[in-house]
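Following this line, the structures themselves.
Each of the next two complexes has chain A plus one more chain, namely chain B in the first and chain C in the second.
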Partner chain A sequence: MKLSAISAYSARRLFSLRLSLRSLRRRVEVVFPYSFGFASLGTVLIGGIVALSLATLGADTPAAARFSSPIELTLSKDGARLFALCEGTGEVVAFDARSGKIVRRIKVGSVPKGLALSPNGERLYVANSWSDSVSEIDTAALAVVRSLPAGFEPNSVITDLAGRFLYVANRISNDVSVVDLAAGTEVKRLAAGRGASYLAISPDGASIYCTHIYPYPGDFRAPPESDIAVIDTARQVIKDRYRLPNAAGVFHVALSADGRLGMAAQLRPKNLIPLAHVEHGWVFGNSISVFGADVGELVQIPLDELERYFTPPFAIALAPDKSAAYISTTGSDSVTVIDIPRLLAFIRAASPAQRRTLANDLSASANYVVTRIAVGTAPKGLALSSDGKRLYVANRTADTISVIDTAARKVSATFSLQGPATLTAERRGERLFFSARFGFQGHFGCANCHLESTFDGLQWDLEPDGFGQDIVDNRLLEDVAETAPFKWNGGNPNLETECGPRTEKFFYRSESYDGWELSDLVSYIKAMPLRPNRFRLAGGELTPAQERGKAIFERTRTKSGAPIPEANQCQVCHSGKHYTNLKMFDVGSGKATDRSPMVDTPQLNNIVLTAPYLHDGSARTLEEIWTVFNPKDTHGVTNDLQKDELNDLIEYLKTL
Partner chain B sequence: MFQLLRMCAEVTYNSRSMGPGILFRLAAWVAILIGCGALRAQGGLAASYIYTEASLYDSAATLKSGERFPAGAALQLVAAGRKRALAPGFAASADATVSFDAQRVLFSGKQKPGDPWQIWELPVAGGAARRIVLSKEDAITPFYLPGERIVYSRRTPAGFQLVSVALDGGAPLQLTYGPGNRVACDVLRDGRVLFEADHELFTVYSDGSGVESYRCDHGPRRRGARELASGDILFETGGRLARFTSARAVQLPVSLPKGEYAGPVAELSPTAWLVSYRPAATAPFGLYNWRLGEALPEKLLAPSAQAVQPVLVQPRPVPKRFPSALGDRQGANLLCLNVYTSKLPIAQGSVAKVRVWARSDGGSPTILGEAPVEKDGSFFVNPPSETAIRFELLDRSGKVAATEKGWFWARRGEQRVCVGCHAGPERSPENAVPQVLLRSTEPVKLISHGGVK
Partner chain C sequence: MKPSFALVLVAACFSAVTPALAATPEMPRFRWENFTKADGLPDDHVFYVCVDGDRIWAATENGLGLYEKGKWKVYRPQDGLAHRAVLGVAVDKRTGVVWAATMGGLSRLSAGRFENFTQLNSGLPNDVVYGVGVEGDHLWVATAAGAGRLDTRTGQWALFNERNTPMYEIWTYNVSVGPSKVYYAVWGGGVLEYDVKTERWKDYNDPDGETEMVVQRDQGLIHEITTSVSYVEKDKMLWVATYFGASRYDGRNWKNFLEKDSGLPSNFLNHVKAVDGNRAWFSTDKGLAYLDGGNWAVYRPALDTHKPEMLVRDAAGKVTQVATDTAPAHHYVLAVDFQGDDIWVATAKGLSHGVRIQQIKE
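Now for the complex of A and B:
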């Protein structure tokens, strides 16, 4: 191990050691040295000595700490077995649903995100989001028996009622794969929404509903738009789309047993108005889209109250008798319970005008929310027993399953995934990242904008620069540790500045992280890996189009042979491992509302995923960067390129 | 006991979400168990408490610039079943509030009968009182803020105003402005200061920004408000008690035994309150333990005098610190998203301009100027800060379409956005770029008459 690695490791161990000091830290306002630069040789040596000392104490390696992170749940057909899909360890954990005893751990693919049981209960399907595959599990043998194909980043799976076809929502390829289960082959792709994510089937099997977590890239500074795509399972086509105005970040969708009521969990961001304060639901509306024959036209209802917020709504389970809806709210560590008859009566009594503005009425939830049940940290997936009496809740960052007695509306038991006994700094930081308790009145947390640790595809009007000024596009957080400075104007030299007092003052508007917590949070963010690139060939070689694009990216002369100034070559500013030279430039994309035209050179890894582009999100596509916002060739020389050449350039950028 | 168990649950719950603070949790449990033992030993009402004893009490006097205790008052501490004067060296003492760790008491007191009320602090366990605020005018109703600061109400020529100051001194920071009386009621756990004015409840951040009414249901006179552990705001209104809940935009009645109540109330547990109560208006207020739902409250103190302002001597959560974000700019930038989002009947498209009024502490209202209202109902202005202002909407003929009844203010450098005009706190904003910001990101200059520069 290199000395620098040892020193970095020793720093992490120092963080771990402080566990026993956490009680002290609340009493003593310790200003913790945030930066572990270890620039000097002396510091490196000290770090090494500390690391060796820790080794003699029997400290485990960071790699040993893998946390289960249960994210989705489902029950066996007879209800005797509970299957927990664990994103962190890449496994399905089979529990005895009554006792909570672990029966088997079944290894599946990388970063699994979704699971579903076959109609006859004999098979369990798991969407492996980073493996681009679906694992098929024999529920009797509790073993993987087959791997099935999927699109890019499969996130959710469901079968038709006959069990003949498997539908897979693919988050990166924005579509739904239709897989013939007899043949084990993909037979069709259906275009779904951007970031296609969650699926539900109607009780009659005629329709499958698909949500998407990223809004469509629309006009600059226009309200975000999302929808629910409805698949006709007989014809295997998209037959309808429910429009979800002003929604972005749509998660699970569920249908009632009679098929007359549908509900989708969603965020309604307030990204177009200045974020001058937080009260009155100023930043997010936590909402449910209600649709189906029971309500007629789709209506969006709020989950929040005037002084308390329940965010972000993620999974929904509907009682078999349609008496109640259960919604997990990840950042609020709770499950919201809705009385469905009261909800339907309330909606039916509302005038058309009231229905249109209902989502913005923070007093509305009093008419249908009956309680909030505290569960573990970061509740995600839900599974309701067939009799509706037991609700299971996957507490992602607690590595537990809460069992709720739905009659008593209380947690009656907690199952453990039996993860590492000691939390690491990264894990503590992950808990903080997903928690909304630091925002004023628990309004929101990091994960509200960085959905599932990514981005939200939105542009925000932040307050400190004034109203309507310096509109900023949200950026992907993966692999950002070495890309300082941060923020589009490069104003934050490190992540501690980015996430610390600035976040407290201008985002949360409330006392937030202490020095230790901030350090944990930064540890988590720095540890976020870059997801696999889907556009590179398996062997790493480039396609002909990508090769041509690479040549354009690296060219030093225009097509006419004129030299391109070094500062105006793509490869110069977008250089290095992350395709950024970490410097500020005026590339001519500044707007009249920007205080300065200088922008931080963004990293380009996985750039194709994060539309829209430019510092303010004004370019809806990569192509628009050059065809709309680069008239004077100030952002690289691109005006001599033809359409097909720009396409080649895009093909290359996809591989970064 | 319920209160302590609830605290146990909260400590455990909060610790769990913070991380593995095992030592912290253990320490908290030990402290709470010790507390339980101590309370058991006292018998009767387990908790120690402080209240104000006075022969005369007018709870509404401050809002009329009057004196609540015209015949004097004395703080009493009841602990282990015994009562003693908390501040025996004072000619008058009232308005007790207990520090978050339950070790100190903040109160308003007069050393001599002719002195103005001043803010003092003393240890619960006994000892010398320390003067926190020295003022030539009355300083009353102090409350602890996080970060070793307090907020209190100071008499000024314009009426009682809220002021914040560090416990160890320093320059006081005025939080409220304009004519009228404002009296602090509580510091909410989210960090806002709750106060009463014009017989209504308001909140303001600890830097004086973000002032607004707590609800816009315009009920009868409200005073003596306190935040309960549930987050509900419990207050007195017309001699009865009522509450605001987080879920509702309107006041909810509390089903009470017959009789008259004087706020504030001390919460013994989620199911029991320590209340100032009298069965009939002819009797003085006594202290009673009322278990919610029971027909009659249990008498704790024989009412030889008025017994009011009960407060428990027990630890409580420290409210969140508010990180002030006031910028270094003149005046305050005030943006209204849509004047048509309103409880008032303002016809869509009818409003052409907004007129801004100002009022000095002693003076009459004056017009600061007018600014256009965009088609979408938005406007953006920069009135002076620390000055009472209000808006008036004008139609195309210059006729007043709607008038704001109350006065409010903003701090220097404050940037604030309203959903609409009298939209109510339950109304969250619609997500759309206000047209006025598409025209310019600078506030529109107010002019006296005619067009806009």
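Now for the complex of A and C:
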């Protein structure tokens, strides 16, 4: 059979399956409305059929297609060249900034996340988040010339103004590496925030600002809190922190050319109240933290409108003359434009009390948001020309770059990354994952809680069952395909029945995803790879402490020799490739506010990343699972362990 | 272990004091400025003091104090500190991070933000943390249940106790951290040495065993009840404070210092901080003492009159009183740290700043 014939056959088969599934979907919809908390048998059966059918459908999807997924942009010093960092293909694509013609593709490390130009423009630095390295590119030769060290999951880079030291924000190690560029060595690490992510330098070079995307692990059910760490570049220490109360998911930070104004893009999750209150403007506030001499004390301002949301704010570019701020809002496929003079006047006119609550006043944005410019799907990084006339926008899931004429406030051109011509199911699903268009008034999408396809470190009151009932901790999505059932109460037999899509439908009576879209979304989630584990040695062997911990994990007897009941052995429940036997257990961690003490055995892969722990996030650390929440040895036998033995167990868990 | 009897053979080193003569050795002189709660110090009982450039950290019974630009800032549990009783402080000079050892865990302070490590939420050996020290990416703690090391890059804790070191007592009291060696003062267990290169532990104990008798002078560590260690990397010299005298070890020979035959005002030592292989400061229950290699000086309010007092004892044992108008806040001294030529002193009744008086040579 020739290739064309195969394609035609596949297309016909695809069409046939789609037809049958469409009719099937109607039947599923009849069942769904009556299965809020626990899936009915009918739902389970039909869901299973849907899953089976969609899995069959997925077999037609080309597996090898790789999409560029441009995530960050920067311009050469003369503005002639645009560099697009593509996390999907692991490359920097150099464009002619005027024509949009691709000049060169430069391979870098795995899943690159951030890039920055050296002050003289001769070098481009790329943070390779899964390689734990920084690629140094010669911008004349357009070639990688050196690999530099970094911490765990480097996410962004910036140099000091002298170009002597490189600062690297490391998302997993929660710190900033200081790299001596002459020696090519890391000289120190500075403790930043949890999920240290984005960096910006003040125009005078004295300060570097660092945000973090995960909130600090605070007390149980306490409002989230984040901050912006300020690095003193002369002493290379953290000299200050701007507190960001109620903020989580803080992305880019930018400084004005005069250094008097700083802005950081952030989410304000309202996770302490039931999700059912979404129609009141709760659940998420999309906002900007504004700081610096222009405004005095830091103030948080909303980007949203009374009946429309723009989420999540990601990158910020400030016009050189401080006339405007441009903010990419990934789920809304748009760029928000703020008139800075009007914003400053508005903030200065507000009383201290008004400033404290401004972020919750959705009418406020009318005072300073001048327009929203539609761009491609999932806009992420921005680059503004030095004259402020052209704004480049990386449309991550469109594999394009929008060029905005800032005077006209319209897209004037679109550059293509020239990715695969045909979208795969996973790619279509990825678009849906990052989109907020299905949410009530565009309020939020999957990526609001699963930040950049991960998690958010928060606990949510998801169910419409009253205040404070069934609090659930957010879990990592990577490599979850084989870990059904889903939800902490095991109520969802497959990903198709997972909460997000259902929530859209029943809470807001919106159309939500159709069966095809749901299938695509599930394909994307199932395809999410597991990131490298940072706590295993290069060869995969274990350190002595990890070996000792493994023995404790696998033990069948207590230290006194008494047999441990099978159901209370770590290795029994946490078994298999994902360290879950996929069953429900009561491990004694249930609360009076839970409908049932039975919880789904969670997978443990990369468990070290996702604090807090237990079904409701009440254990702030791995240690607390056993030191605080296991008094009767119902969650494994641990009370006979010495402190150093518990430490060993945790060192082993970090390797999973 | 309990002392069977206290040493009462106190030599009258400072009892027959002569006025200052021209032959009196030149010892550092200070103008003492004392801080108490009235000045903004969190509490008068100061366990430890740590100099951080122009800033001074005071570990007190009721909070952590920061003295900067003439003002005190106080951190307490409501500000995020792990516990109000702060027993030790260390500053990571490379990163600016401040580590506070408290009675309720270990606090990391970075630009005003606390992160707390306890025995319940982390790998910290015990919540009673007496001492803390930083070297490179490693943080070392001395706790009531053994020693611990935190790798600040990976978050991994390594615990050291009776199961994996020669530590037969686990009440670690103080730690001195250098690039090649780490020393622990183990209360009742002598001194423990960790070799960074070989990752091996070695213990130093009183050859007389658990007695207060000194059978043979300089034969080893003076006593098992050690309270403080200070290692001078460049001179490869270890100084040890105990409740029964002080010791110095050069890797081969021990030298012991007792009240009866040195300038120490008391054998009860809370702390020792070395300047180099020959010079060290001793915090005792009867004043602050300094050894310049041969001569001694003692700074304190007089034990009887409480008037400022400075005594100098030359190498021959002759004691001279040096006129002074000021003295440290109290004779019960717990720790010192250096700020250039100045010295900061933690006492039971306040924090003292010794401003060095430049002496003009005739």
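Basically, the second predicted complex is superposed on the first by the 582 of 656 C-alpha atoms of A that agree within 3 Å, B and C clash if a C-alpha of one lies under 4 Å from a C-alpha of the other, contacts with A are read in each partner's own complex, and residues count from 1 in each chain.
By our rule, contacts are C-beta pairs under 8 Å (C-beta built on N, C-alpha and C of every residue); 3 or more make two chains touch, one makes a residue touch a chain.
From a predicted model like this one, the values you see are computed outputs, not experimental measurements.
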Partner chain(s) touched by A:306 [first = chain B, second = chain C, both, neither]: first
Touched partner set for A:510, first chain B, second chain C, both or neither: first
First, second, both or neither for A:585, with chain B first and chain C second: neither
First (chain B), second (chain C), both or neither touched by A:190: second
More chain A residues in contact [chain B versus chain C]: B
Contacts of A:227 with chain B and chain C, given as first, second, both or neither: second
Chain B versus chain C as contact partner of A:268, first or second or both or neither: first
Where chain A meets both chain C and chain B, residue numbers: none
Touch list for chain C against partner chain A, complex: 94-97, 108, 110-113, 115, 119-123, 125-126, 137, 145, 152-154, 156-159, 161, 163-164
Residues of chain B that touch chain A when the two form their complex: 13, 16-24, 27, 146, 190-191, 210, 231, 245-250, 320-325, 327, 333, 335, 337, 380, 415-417, 419, 425-434, 437-438, 441
Residues on chain A engaged by chain B in the complex (per definition of touch): 19-20, 22-24, 26, 221, 223-224, 246, 268-274, 276-277, 279-282, 285, 302, 304-308, 333, 357, 360-363, 365-366, 369, 374, 376-377, 398, 422-423, 428, 431, 435, 437, 440-441, 461, 463-464, 466-469, 501, 504-506, 508-511, 517, 520, 593
Interfacial residue positions of chain A with respect to chain C in the complex: 151, 173, 175, 188-191, 227, 229-230, 232, 235-241, 535, 545, 620-621, 623-624, 627-628, 642-644, 646-647, 650-651
